[in-house]
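Once you scroll down, you'll see the structures, which are given as structure tokens.
Common to both upcoming complexes is chain A, partnered first by chain B, then by chain C.
Now for the complex of A and B:
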């Protein structure tokens, strides 16, 4: 936007003094911070949130609005930035975590906002404030997944599913007839290995990764 | 050119058909893959949502092993998820000195300590397109797939986001908004590629367990769009999309009906079939969605 704002003439009409009002800026510069914005910036993936200039490209191309009513990444970012915590919690807490990480938003963002990771960081911001009243499925899955990666180095698909269902109190879902017959087919065709491959010297790596988490 | 092969966890488990068919087509066309057999999990989405530094360390260890042991020029993976994790680590190591410093320190502690974000990361589909390409496939076809209608599906992370794939800067990358490498390769087998609008849509696989009903809805949208377009099978280059669209298909059909019923195969299986490899070697009986039935009906197996 032009620096010299004293005089502006468009189509022969002088707009001095009022032009700023009909072209209100939606840009919040990077030095505009709030308590929540700073907090999200520090979470994994949240660093680029302040670059957003609210153009809406992310939301225009987003996978979810066709399937999830009112899913709006642009709005999630705006609410954090303006510090509208109550609206974020009351109207959006059950939406934010639904992002499926398709990356169209990040891919198309003209400002280099890592939108998918920022949306995940906003969900984590809400998780950290315990607004869900219970362990969310995302938190449970992340914990189970990372626990297994750090311990064994690789993911065993069956163990992950079992531990996730167990952690979220749904083990009985895994025992449904269709799930069992699927498991049987996988096992007999050799796609489930009961004694998965171990990585040589992983213990040392595992120890070092645990130190990193301290 | 020396190429390290990083299969990832899925290809050593439920997606073994992709692992084996990838190796078969690579070998058939003279691509030498040095398997990084002490690989670890790339951390997938879960690491990057949990701990930034760990999300770079896990992929970096794989790259360090490829470089330290095999002195490779590039690492190739057939998995969209692993591809994303490796590229993301490379981008961080080249653009963020702090991240680079802590990753190098980690690698010196636990590995070869050779990796500095300096090895090219490639997707097997992109590599196969550029190093082999449709013309060589055409010349090697023993059993044309003529009469087979294929929906060519790419998934999300194959060429997205450009911030890490560097699409437009790296000339060998596919078109990220309208990918066509897989279409071109499969056309060369004689198959017909159907017009299909959901080729780069999301299958919801990232939330296949955490948000099952939404994930099934997204998958159903892709399967039914492909079926409506007249496809006999859906071909893809990602084991995570494979899990969502194939292994989960019985549940998807239960919720969304027969319109979502469609056999799913890996693109490497179809290429292998066209150059005369057997369904058994290519593990065409693995998919839950049963591609063998339609392949038999078309006289292709």
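Now for the complex of A and C:
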């Protein structure tokens, strides 16, 4: 008789077999890996991720959950460290970007984790793996914003709004009455200008920036 | 030379002094306050974990053994201001309000102990801003029938009996922000004990403990932890308290329930901060006067942690108890006896 075989007769019925096979244990994650941890650690700002001891001070004091209820920096760190890549992508890929960098978590962390930077690094890690498919609003805005800074050296409000809407394919939304009246109000009160000024000889700086960012 | 100077009149110093006197040494005990018993007496510790036996049961006999022994000279309200010479002959200047005196000793035992961490630097917990945020030593005074509230649990703001009480663990311990990355070693069991005492006093109150790890390594501690959960229904939530605010005139705490992956907001009547253990003034003073080594956190460093735990970096000067790092009363008494044995055997040779 094989090992792990239990001999049992109940009410004259023989129940002999390997009990382990009758009641298979529920294993959801078989391969836990630290490869993602190593990857995030190497990204800018990700170095302190391994210091975390999962106390939850960051999430407990986070300013975001009032608005984005599932935002949870401690969990992002946990998922990366445990190698639960699928949960990170399926449930959290749209959340990690929402950090507003108020730095409360970093300031309070009892272990010296630079939480805000680590969350950014996790977002970058997901971006590098191209999990987002089409451009998100956040990414589109980042691209338009950085593009403008590099090209002109300053932000032209009207242009940035127009570019943002056209990039996300919502130019029609921009022409909605409420948007137009808001724009008009801001224009008349001097909040925005129709044409932003130019910076002298920005071309050279712009050239240099582009070379650096290549 | 059969005289020994013991600095510090807490549990460790008292035990060391009475043991040494019992072996025939003449002991001078120097205490900066005008009472003996150290932090136990200062903060009116009421009951001791894990047996919930009155602290007086333990500290009174230790004090009595010192006061009744004619070989021990107790200098209250005194400080050691200067020490010169080397082993086995030290000259120590003892100063009190009346003046200075110089005596010669064969050995010096430093048992200057610890002080409770002051949570005012953890500004997010609101200690000092909100009256109902109190420390665990203040609760100990409250529970003691000889304390300011005559043993009644009342919240400081309006004197009402609190219904919902939260306890924050690891305040000023395991925290790099305040420079104390070490574990205070007693906070867990003290909070569990206080939770049980509160539940016994007010059975319809609710007690919530916010913790990161419950470190129940001492004798009977784990059993006490089980008792708190099973018999007293104390709710232990894994998540460090993040902040305390005032909402609709009520204390409101925020933390993450890490098991549930969600931040929670919790309105309570009183918050107890389990303040950690820091090196006391007396310890830092003694290190300066005697010229002995301290560790990174201000505690005294033994010559060898494993092989000579009670010897300081200087020959003839011995260290014991909570001035070496956080320690519970039970082990402080062990330390006091251990250092006495070491001193006696070294002085004999």
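The definition used in the following text is that the second predicted complex is superposed on the first by the 171 of 214 C-alpha atoms of A that agree within 3 Å, B and C clash if a C-alpha of one lies under 4 Å from a C-alpha of the other, contacts with A are read in each partner's own complex, and residues count from 1 in each chain.
Assume a residue touches a chain if its C-beta (ideal position, glycine included) is under 8 Å from a C-beta of that chain, and two chains touch if they have at least 3 such contacts.
Keep in mind that this is a model prediction, so the values were computed, not measured.
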Report task. Give one word, clash or fit, describing how chain B and chain C relate on chain A after superposing. Result -> fit
Requested in this report: Check the contacts made with chain A and report whether chain B or chain C touches more of its residues.
Outcome: B
Query raised in the report: Which partner does A:166 reach: the first (chain B), the second (chain C), both, or neither?
Result: neither
Query raised in the report: Of the partners chain B and chain C, which touch A:199 in the superposed model: first, second, both, neither?
Result: first
Report task. Considering only touches as defined above, state whether A:54 meets chain B (first), chain C (second), both or neither. Result -> second
Report task. Mind working out whether A:75 is in touch with chain B, chain C, both or neither, as first, second, both or neither? Result -> second
**Report entry** Touching partner for A:111 - first (chain B), second (chain C), both, neither
**Finding:** second
Requested in this report: Based on the superposed arrangement, let me know which partner A:124 touches: chain B (first), chain C (second), both, or neither?
Outcome: first
Report task. Considering only the touch criterion stated at the top, classify A:157 as touching first (chain B), second (chain C), both, or neither. Result -> first
Query raised in the report: Thinking of the overlay built on chain A, is A:90 touched by chain B (first), by chain C (second), by both, or by neither?
Result: neither
Query raised in the report: Could you state the shortest Cα distance, in Å, between chain B and chain C after the structures are superposed?
Result: 6
Query - Residues on chain A lying within both footprints (that of chain B and that of chain C) - result: 107, 112
Query raised in the report: Which of the residues in chain A come into contact with chain C in the complex?
Result: 53-62, 65, 69, 72, 74-75, 107-112
Query raised in the report: For chain B, which residues count as touching chain A in their complex?
Result: 9-10, 12-14, 16, 38-41, 43-55, 57-58, 61, 84, 106, 109-111, 156-157, 160-163, 176, 201-202, 204-207, 209-211, 214-215, 217-218, 221, 247, 250-251, 254, 285-286, 288
Query raised in the report: Along chain A, where are the residues that touch chain B in the complex?
Result: 44-45, 63, 67-68, 98, 100-104, 106-107, 112, 114, 116-117, 120, 124, 137-138, 140-142, 145-146, 149, 153-157, 161, 164, 178, 182, 185-186, 189-193, 196-197, 199-200, 202, 204-205, 208-209, 212-213
Query raised in the report: Any idea which chain C residues touch chain A in the complex?
Result: 124, 170, 174-177, 212, 238-243, 254-258, 261-264
